[in-house]
Every structure is written in C-alpha cells, then in structure tokens.
Amino acid sequence: MIRILKSREALLVGVILALTALIASRFPAFIDPANLVNVFTDTSPLIILAVGQAIVILTRCIDLSVAANLALTGMVCAMLNVAYPGLPIPAIIAVALILGALLGAINGILVWKLTIPPIVVTLGTLTIYRGIIFVISDGAWVNAHEMSPAFTGFPRAEILGLPVLAWIAILTAAVFFVVISRTPLGRAFYAVGGNPHAAVYAGINVGRTQFNAFVLSGMLAGLTGYLWVARYSVAYVDIAKGFELEVVAACVIGGIAIAGGAGTLMGAILGAIFLGIIKNALPVVGISPFWQLAISGAAIVIAVAFNARAGRTKGRIILKRAEVEAQA
Amino acid sequence: DAHEPIRIALVVKALGIGFFEAANDGAMEAAEELGNVEIIYTGPTSTTAEGQIEVINSLIAQGVDAIVISANDPDAVVPVLQRAMQRGITVLSFDSGVAEEGRMLHLAPSSDALIGRTIIQLAADHLPDGGQVALLSATATSTNQNTWIAEMNAVMGDYPGIEVVATVYGDDLADRSYREAVGLMQTYPDLDAIIAPTSVGIVAAAQAVVDQDMVGQVNVTGLGLPSEMAGAIESGASQSFAIWNPIDLGYAATMLAYELSVNEVVAEPGAVVPMGRMGELELDDTTTGAMANPFTYDASNIEQFREIF
Amino acid sequence: MLQPALSTTEAQDTPVLRLAGITKTFPGVKALNEVSLELYPGQVTALIGENGAGKSTIVKVLTGIYRADAGTISIDDFPVHFTSAEDATAAGITAIHQETVLFDELSVAENIFIGHAPRGRFGLIDTGAMNARAQEILDRIDAPLTATTPLKDLGIANKHLVAIARALSVDARVVIMDEPTAALSQKEIEELYELVNRLKAEGRAILFISHKFDEVFRIADRFAVFRDGEHVGAGLMADVNEGDLVQLMVGRAVDQIFPARQPNTGKQVLRVEGYAHPTEFDDISLTLNAGEILGFYGLVGAGRSELMQAIFGITKPSAGMLHIGGEARTIRSPADAISNGIVYVPEDRGKQGAVLGLPIFQNVTLPSLSQTSRHGFLNLANEFALARRYTERLELRAASLDQDVGNLSGGNQQKVVIAKWLATKPRVIILDEPTKGIDIGSKAAVHAFMAELAAEGLAVIMVSSEIPEILGMSDRVIVMREGLIAAELGRDGLSPEILVRHAAGIGAAA
Amino acid sequence: MSDVGFNQTSRDLPDRLQSPVVRAFKSWETLLLAVAIAIFITNSFLSPYFLNAWNLSDATFNFTEKAMIAFAMALLIVAGEIDLSVASIIALASTAMGFALQFDVGVVGLVLIGLGTGLICGGFNGFLVTGLGLPSIVVTIGTMSLFRGISYIILGDQGFRGYPSEFSYFGQGYVWWVISFEFVLFAVLALLYYVLLHRTNFGRAVYAIGNNPTGALFSGIRVARVKFILFLLTGLMSGVAAICLTARLGSTRPTIALGWELEIVTMVVLGGINILGGSGSIPGVVIAAFVMGLVTFGLGLLNVPGIVMSIFIGCLLIGVIALPRLWSIWRA
C-alpha cells in the first residue's frame, strides 16, 4: 500500500489533480465535463505517441523522427484521400499503420543491422522524412475543403460522448499495457534497456528487440498522422514540427528513464496528460500568449526535478538500526 | 547581353502556402507578358528570417536582377538586402514589408488603413447590436498583421457596441490556431466573432467553430483565400471574409521589379510606377504604395472565385 | 612441461559434450587457439587457467554468445551450431556466467524465466505459473527469496542466487559455472557445493571454473587447464596435486606461501574518528601506520566498501573526523583524497577502477596529469614514460601501451589500476578485494607487491573476504559486521575461527 | 619480485602499434574530408557562380555561427551530455542585448551582456544537470522552452532594432578582403577548442568522463565541475553566436535562431563525435561545418529548397556513419 502511494505514478496523479484544482479554482469552466473531454481529446495524439516513444526509450533508444513520420504519413493519407475520395476509412487507417511501421522499420534496421546510435539515425530520418513530404506534395497544402467528410469526420465522431480520437488513445494504452506486461516482447523491452549485455546471455536479440520497438513506435506515429491531419483538416510539410521533443518530455516527466530499462506505460501516459493540461489550460485561463512557452518550459524542468527526487533509489541499508527505522 | 533573360526572384515567407503559390501564378503571367523574364520562386520551408537570409545569399551569388520579398521579419533581412542592393540587385518587398532602408519600394496589397477598417467592418456587419470579438493573428512578430490590427484599433471608436476581448496568436500553424480558437470560445462563452487576418488562422478558426457546434453563434471572418474558405461559407461558420487577389499582387510586384531593374525607374517618394494591367502605383513618403482595395467574399460570389485562388 | 596425467581414452564414460579445434580471435588477441574440451555426465570438470587464459571465452562459445572462428561442438557426437543463447539453451546447455546477467527492473521470477517464460492463453505470459515455478526452484536451492520481489531490492549475494536459479530453470544436461563462488559468503558457498553434488547425482555434466584451488580439489572429478588460449592439459583430479596444476597453469612453479614480512611499523599516517553514515556504517574509528598492512575482514555486504569509499571521498560521512599525519582534513571528493595521499583500488574494476575505453597509458596517468603536464597542457612523452615505469614494475601483459584497457584480461586491468595509483606516490593505499577473480600467478604477484609497498613505508588497507589472504598478509585485522566494527585483532593468535565468529556475530566470548 | 617476469614481452611493450599518422589516415576525419572535397568539386561543376571569392565568403555565414556552438557542444557530447537549449540561449542573449540598447551601454556593454546571458543560461543548465543530477537531454528540452519563453515575455510581438553601427561589425564586418570577422572568429575558436580538447588535461578529463563517469570520479576527476564548465562554455558560445547573429540581422525577435539546436547536433555528429560520449575530434567538427555549409550553399545556387537540402544532410549523416559499417559487413 505504501509502495503504491509512494510510486511515481501516484505522485503524478496527485500533481495533475492539484493542477486541475488550481485552474478550476480560478476558472470553474475548466472542469466542465465537456471541456475535460476536449482537453483529453486534444492530448490524445500526444498520449499515443508517448506510448510508442516510451517503448523505444525503454530499450535504450530514442525516436526523434516520430513527428516527421506523423507528418509524412498524414500527408500521404491526405493525398490518398484527395486522389481517391471513395477510399474507405479502414483502408486509410491500414495505410497509416503500415506506412508508419515501415518508416519506423527503417529506423529500426539502421539501429539493428548497422548499429548506428538511435539518436543519430532518427535525427537523420527526421530531416529526410520531412524532406520527402515536400517532394511528394511539392510543398502544397492539402486543405479541409479538399478532404472528404468521412476522412475528416472519423476522429471527431462521438461514441458515448467521447470522440473516436480519444477512444483510440484509450485503446492504444490498453493494448500496449498488455503487450508490455504480458508478452515476452514486452518484457524483452525492459531487459534490453536495463542490461543489454545480459539480455544477450538470456537469449534475447537486442537489435531485433530495438527494431521491434521502432516499428511499434512508427506504427503509432503513422496512425497519429492520419488522426492529426483529419482532426485539424489540413496537411502540410511542417505539421507537428518540434513535437518529437514534447513527446520525449512527456515520457520523461512520466518517469521513463532516459537511460532505458525503467518506467511504466502508465507514467508516460500521465506525463502526456500533464503536458496536455498545461498546454490547454494556459489559453483557457487567459494567460498572455507570450507567457505560455516559458510556463510550459518551467513546468517540464520542475516536473523532471521533482520526479528525479521521488525516484531516487535509497539503495540497500547496511545498518540494522537504520533498517528498523526505515521500516517503521 | 540582351538575350540573357532578366531573372526576378520571388522570395516568399515559406514555400507551400497557397497565397504565395497564387502570387507566383501572377508573377508568371507578368513574365509571359514581358517576355525574356525568368521567375525564380523560392523561400525557406518554415517562416524564419534566417531561412530567408540563406536564400537571399544564394540569390546574390547567382547575381539575379531583382529580388521581390515578403519578409518574415522586417528588420532581420535588412543587412543582407542592403548587400544585395550594393551588388546592383533591385530589391522590393510585397505583402509583408521590409524596413525602408532594406528595399527600394514596398508594394502593400492594399492600404493598411483600409484593411484594418475592413476586418472590423466585416465583423460589425453581422453584429448590429454590438458584441464581443476576438482576434486570432499569425505570429506575434508578423509585421502586416500587427499593422492591420493597429489600424483596426484606431477606428474602433466608430463601432461603440463592439468590444475586442482578446488577441491570440496561432503562429500560422493550423493546429496551434485551432487550439487557440477553441480556447477563445471557452474563455469567452459570449463571443460573437473571431477575426483572423491570416489565411491559415481563418481556416482553422472556422474548423474549430464547426467542431465546437458554435455555427451561428460565432462568426469567423478576416482575411482568407476563397478556395480554402469555400467550405466555411457553406457551413455557415463564416458569413463573409475579404482578401485582395494574390495573383494580381504577384503580377504587380513582378511588373514593378521589371520597371525598376530594366527600365531604371527610380523609386522615390511621390513617384508613380506603372504595373501593367494593374495600373500605376503611387509611392508615399516611405516609398510604399497600395495596390487595391480588399474584396469581400460571401455566399453570393464564393462559387465564382473558389476555383481561381 | 607436465603431460596430462590421463588421456581421455582411459575414461569410463563417453563425453556428453565435446569441443574440438575451437579458435576465437578478437582484434589483436587470439583468445582461443584450437582448444578442445570434453564434459562427462555426472562429473564435475574444473577449468582452470590464469586470467585471460580464455576460460570465459569458451563459456561464451558454448552458450552461443560468441561464434567460434573454427572448430566443432558436438553433443552426443552430433555436431551442433549455436547462433544465439536460445539455441544453446534448447540444446540443454545452461550457464552461470562470470558477470551478473540480470535485470533490475524485472521481478525475481521474471529474471529466472526471461527468454523461456511459461505461456498461457493467447500466447501471453502465464504470470501465475511462472511465479510458482520460480518459487519452487528458489526453495530447492534454499534461497531465502520471494519470486515476486523486484530484483533491484536484493543485495549482491542474493542476486547471485537468482543467477543460479536461472541456470537451473532449464532442464539442462550441461551446467556451466564461471567463478560462481566469487560473490558468495562461506555459508552460501557450502550450499552451492551441495547443489553441485545434487546436479552430479542427477547425471548432469558440470563445467566449473574457479581460481580457488581448495574448492577445485573439493568438488571436481576432472580438470582441464588453459594457458594463453591453448589447451595444455586435462585429466582426473585424483591423479594430480596442487603443485602439478599450478605448474601446468603458469608453466612454472609458484610459491604459494605469502611473502615473509618484517613488521616495519612507522609513524601514524591515518586516523579516522567516529565516522558515521545514516544507513551504511556507524561509530568507525581506526588508525593506520606507515609500513603496515591493515586487513579488513567481514562477510560480503558488511559495509567495508562503503566505509573505504567514505575515506576516499565518494560517500559523505554524516559525522566524524579524519586526520592525516596528525592534521585534521576534510575530504569531500576523491580528488581531495588523492591530493592528501589516499588512493583506493575499488572492487568493481570495470565500472569504478578503470576507464575501459581509454588506452592503458591514459588510464595510468589520469590522476597524475599534473605531474606529466605543464601549465595544464598534455605531454605525451612524459605520459608514456610514467606509464611505462609503473606498468613494467607490475609486469603488465598487453600488446602496447596504446591499447584500450577494455581489451585486457581482468588481472591485467587490475594491474593498470594499481599502476595508476602508484604513479601518484600515495601515502595510504586502500585495496578493496584486490585479488578477487584474479588467477593464482597474478595473485601471488599482487601479494608480493603489497608486501613490497609496505616495506617501502606505504600504509596499506586491504579489504578481503578471503581468510587465507587476511591471515597471510595482515599486520592487524579489523572485522566489520553490519556497518559496525565488530573487533580489532592483532596478528598474534589470529585464526580463521576467530575471524568467522566476529564476522558472523557469534561472539568471541564463547 | 620484479625479477620473476613471467611474460618477457612486458619489458618492451611498445608505446603504440600504429603510428599517429597511420591512425589519422584511417580516421573518420579523412573520410569526411574526402566527402567535403567531392562536394566542392561537384559544386564547382554544377554552378558557374560557385567558384567566386565573394560568394564563397557569403556562404561561410551559413555555418560559422552554428559551428561556434558546435565546438562547445562537441565537448559536451564527448563528456556524455547534450544541450538542446542553445538556440533558445541565442534568443535570450539577443533579447537581453536588445533590452540593454535603451540604457546606452555601448558596444562593449552589449557584448558583455550577450556573453553574460549565455553564461548564466549555461550555468543554469549546468546546475540542473550536475547539481540536481538530472538527465541533460530532458533538462535542456525544458530550458529550451523556458529561455525562449522569457524572450517572448520580454519582447511580446515587438522586436528590438537600432543596434549601434559599430556593433554590426561582428556580423557583417570584414577583416581583410573577403575574410569576414565571423570567419576569423570561427577559425580562432576552432583552434582554441582543438587545443582545449586534444592538448590539455581538461580535454583528457572530458574524454575520461565520457567513457566512464564513475571510473573518472574514482580516478580523482572532479566530474561535476568539469561538466558544469562544459555547460558554461556551451552557454558562452551561444552568447558569442548571439552577438554575431544579432549583429548580422541588425535586430532581435523572439524567433531568432529557431530550430538551430538540431542542426548543431547534426553538425557535431557528422563530425564524428560519438553521440554516446567518449570519442570524437574537433577537426572532424570543423570539416563537418564546411560540408554542411557547402551542401546548403551549392544546392542553394541551384535554387533547391532548403527542405530538400535537408534530405541530403540527413542522408549524409546516416550515410557517412553507415558506409564504413556496410563496408566491413560486406568484407566479412
């Protein structure tokens, strides 16, 4: 019980609740259910990407290409929709998942087969993917009026009062929760990140596990690409530019160790929600737009500092006396 | 060499923006009319001054005859443009201006005062009893939007019932603008209109109004492209909006560049420079001239223009 | 050179596993050169050899972690090929590796079963079954552990038990143990011997790697000796004595007796008064004189390393004073300690002792750069000269001084670390388990060297968990238990029994 | 005991197996230099405007400011840390200088304010990383927003302009003929950082820390202090770059130098600095700066959009690292 209370996730939940209460005390409309749904929906892309990024970071890698992958896949989906307006949504989603996974696989194969450091690989593919968007679209935007209503309507459609976009975030979290905790692959993510050297001894192929992480992260980025483009009804070269760092920030705020091997999916999701609330609350509570950037930056720094304090391992205790005190 | 084509570079804020693509069409039209003119359409991929400077550097190196620029930052590009002028290149700005010392003349799409009045007038037309309006601008640093907003504020006295409750910035990013628009509607439940004097912001705001089920309550207006705004007019999210014709703007800028570089017209206060089918441009004390009045689009004429730009 | 006492044709059984002509080359090192090895069911084969002889390398070849450049592995005379650790497990080979190969963020059960966890519905891991089976194995080896505990909550010795449990979680015909007792206390070592006997009785073939001769003679049936990547002999333990084995191993006789030392105690150099720490140790007072070797004995986990690290400025004590040469000093960092003449050879060589990615000479000069440089600018010639002086004195084996330390064997890495400290001309040298995992030849060299240093007037603290080493080397012994000093004993009347009693808290009064 | 000698070779251990010259020839820098020369030759064939002293001089502005930061960043990355807030430090330092304009502080005052702001920001990052023990990649993602955010708070939708004309020398002045002040500064800093990393005790400590921070600490290196100094240096170089860039632009906006951080990291990595710490060299970074400058300028002359250039840079980044590995795989 004490363990649960002291966990990083619980702490983060507490911070999120406190933050929400603080905002609500000044702007009661913020905790209006409709607005909360809104905030959650707005945060959904970040949540989905954070799930993918969390897996990648667990394996001691990092994927800086997620936002570029999102933008490229989104553009392809939008262009497909323009070219074949009749294409059913499931087909579009399949394209998004497959293309995203493919782009992730490119990262993965470079990390796996050529053992290039992930940050270098994804720094490279980040610029390459963005460039490809320009090449295929000739720099032109795809605007709302060119997209079919079904295409733009899908993430907005409501089921039980919640937009599909939000449901997809919930579903993603649920599926990956099972993957992480109950499949050999999920456990391998922890093993590979926690002690890659030892993972080899345990018969785990480190490179392939990292490859799988990149494919999953890419797949989720691709899915988000379609959802993003449909939600905001526009596709162009620069969508979600710089979002990759926000995704990483969400993971780390949520307690995913940047050195790999430690942290939980729940933490990453809470980290995303934390950032989402800050981002969404600031315009709503009427803070000058010029203050927003600094506030979210400060929030990241404070959250990380807090997190590191909370997560500091006390290590073992040799003195019997101290051990007794610690248990008391 | 008379046979070498005259090379006029059109440096835009960022590649891929519909408005500038249309301006490029106008430039091409002018080039065809003039003959022996080559248009180099270029610009950075994101709206930064540093990006434009790199582009201008390479244009200087290529020794183009004229640079026509819509600046991301009126001051930051001044030194590099001054260098261009020192190397004998004609420099003029259009759409979003460059500080006076960095160009020979500035072609404003319309007079700033007129635009300022138009955007508030568009909102006021549908608010006979007054009400709350909010501004959704581009980046906080973009010159033209800031000037228009200033001009608009200057005439607010003529609209006593109308209150501007907030100004927010969507950075000319679709998602950011969308979120800001949603934020506006939540913060100000009684909001009646959103004025977005930017083609990116206005589309995003219209989308947000539709998504928030606020059609009929919040009217989105401002400056936008008919092709992009057709849907918003149809859905009723926007009653009307205005814009000048970007094709004409590109055409006029090219004509001016040609006059200055080939026909050696001197751009000085009070000068009158011809610009082909667009007539003549009269330069004021800051060697700035306005092309034409903004034109208003609504349900009655949108169909006619949506295919054009 | 001694010939193998027994040729394999005389063995009663046929080997279950046979390696022939195995060669493995690393950049610049031929770690294995056409070696052969045979393991017999129901017998323990001890593999011995100096540091860097290639013992661990053959284990890694056998478990599919390395692929041999040449040679064959056959099981029951069928040739097999391993491309990963999984293949080797599937072929019935399991190993307790020299390094701890565990995962802090996973539970004990998950550590035991990672790679071959029981599956339930939809191919998902059956957590319940996994925990139950893990608990079963833990109970079988008398490990006082719960299967669901996160591994990070365990101490180092318990982690080792998990590694053993992991090796037992597959039903293997061949069990390999690479220095399994290095991190265990006496009691746990006894339990391990029992386990080995059980495995033997079940008919499994066991490969047992150790540097401890008493242990080899106690449990092994056969032996194989490697030297410099070559197979130099094999046979039955019954046919050889310790001297023979040592001769085979190092190619010469080694005087195993600890160096004779003249007590040569000089002035007091170090005095620690009332050092305390909230969780690690308390009430520590000690003195150390020039020319003296002070032994620190205790069970693994008694807090000796923590105390030494506090003296060296890594851990901050919450109270207490430290005097050097009679003057009070505050030591806030290792840099302070070094400038005060205190140096520390840590227990964890790879992580704390050496910078594995830097060349030998740079490791040696790292704390002495102010000596070799002028105004903060490097002088490579001086550095090579300094490095050469001290590595030569320690008989370092390497290809060049420019070679990365990571490519050296454990014993040679230890020499680099010691050389590094000697180059700073310290007054006090603390050696934490200086001969842990070091072969007998290097061990004797380190012991002789320690005696030499003390004779030169250096004050030496030697932390060790090996009783013979403590008895053979120390002028005085401090025994620690659970973060406290349990006893301080003079050289006279020291016996293994007294040491163990104090360390375990049984009470010397009896 | 020292006579026992069980290994004869230990007596005559050579200093090195490979002479430093041979080693240098086989190095990353050689490969990169070949790439740079190839690009130079290709460019001079593709565009008639390329081989022109003034044009080449103009082209150097594309990379000099970024390279100055890249030098300090290289040391930081060798030591196993990273600073993603550098571009935001430029923004804040430039803002501080612009703010100071109204107090008539003079050119020297402006320079000191620019450098000082850089130092303070670097010190703040350094404190968070070494004082509180936080991971630098995350800390600097946070301060990246924070520093630029402060610029926004101060500037809002305004900009600062009207820098004294002497100030513009730092960004627009020429020392001699086509040799700009910025280029000279770049060259001098390259030399300084070369000496610092490769020829001093401090540089050795940086390598040791990058290889094994614990081992370095146990060897008496003041790890936290060295890292803190590296963050200070990176902040300082961002301040220097802010001075040059502000002088070149003649104005300050909060969006100044947006997105530079990743370009700078790319430059450092392309230069052969191991992103995981522990290895790499300053000459590599210098060549990488030229490679990136040449590619963007060469393609710019062909009016290739910047984003398409970035495809080239991305491919170059991965390709240059991948090639040697592909080669060894292919040979095996």
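Note that the chains are named A, B, C and D in the order they appear, and that numbering of residues resets to 1 at the start of each chain.
Throughout what follows, contacts are C-beta pairs under 8 Å (C-beta built on N, C-alpha and C of every residue); 3 or more make two chains touch, one makes a residue touch a chain.
Quick caveat: nothing in here was measured; it's all calculated off a predicted structure.
Asker: If you average the CA coordinates per chain, which chain's centre is most distant from that of chain B?
Answerer: Max centre-to-centre separation from chain B belongs to C.
Asker: How many Å are there between the centre of chain C and the centre of chain D, using C-alpha atoms for each centre?
Answerer: 43
Asker: With centres defined as the mean C-alpha position, give me the chain B-chain D separation in Å.
Answerer: The computed centroid separation for chain B versus chain D comes out at 37 Å.
Asker: So which bits of chain D are touching at least two other chains?
Answerer: Chain D, residues with two or more chain partners: 152, 156-157, 259, 305, 307.
Asker: Tell me, which residues of chain C touch at least two other chains?
Answerer: none
Asker: Which chain A residues reach two or more other chains?
Answerer: Residue numbers touching two or more other chains: 134, 139, 237, 290.
Asker: Each pair of chains that touch: what are they?
Answerer: Pairs flagged as touching, ordered by label: A-B, A-C, A-D, B-D, C-D.
Asker: Hey, which residues of chain D end up touching chain B in the complex?
Answerer: Going by the criterion above, the answer is residues 47, 49-50, 52, 54-55, 58-59, 61-62, 152, 156-157, 159, 161, 168, 171-172, 245, 248-251, 253-259, 296-297, 300-301, 303, 305-307.
Asker: Quick one: in the complex, what on chain C touches chain A?
Answerer: For chain C paired with chain A, touching residues are 63-65, 84-86, 88-89, 95, 97, 99-106, 110, 114-117, 123-125, 127, 152, 155, 277-282, 301-303, 306, 482-484.
Asker: Using the touch definition up top, name the residues of chain D that touch chain A in the complex.
Answerer: 84, 128, 132-135, 137-139, 141-150, 152-153, 155-157, 259, 262, 265-266, 269, 274-276, 305, 307-308, 310-311, 313-315, 317-318, 321-322, 325-326, 329
Asker: For the complex, give me every residue of chain A touching chain B.
Answerer: 27, 29, 35, 38, 42, 134, 137-141, 143-145, 156, 228, 232-234, 236-241, 279-280, 283-286, 289-290
Asker: Over in the complex, which chain B residues touch chain A? Could you list them?
Answerer: Contacts found on chain B: 14-18, 21, 45-46, 140, 166, 168-169, 173-175, 178-180, 182-184, 186-187, 189, 203-204, 207, 211, 227-228, 230-231, 306.
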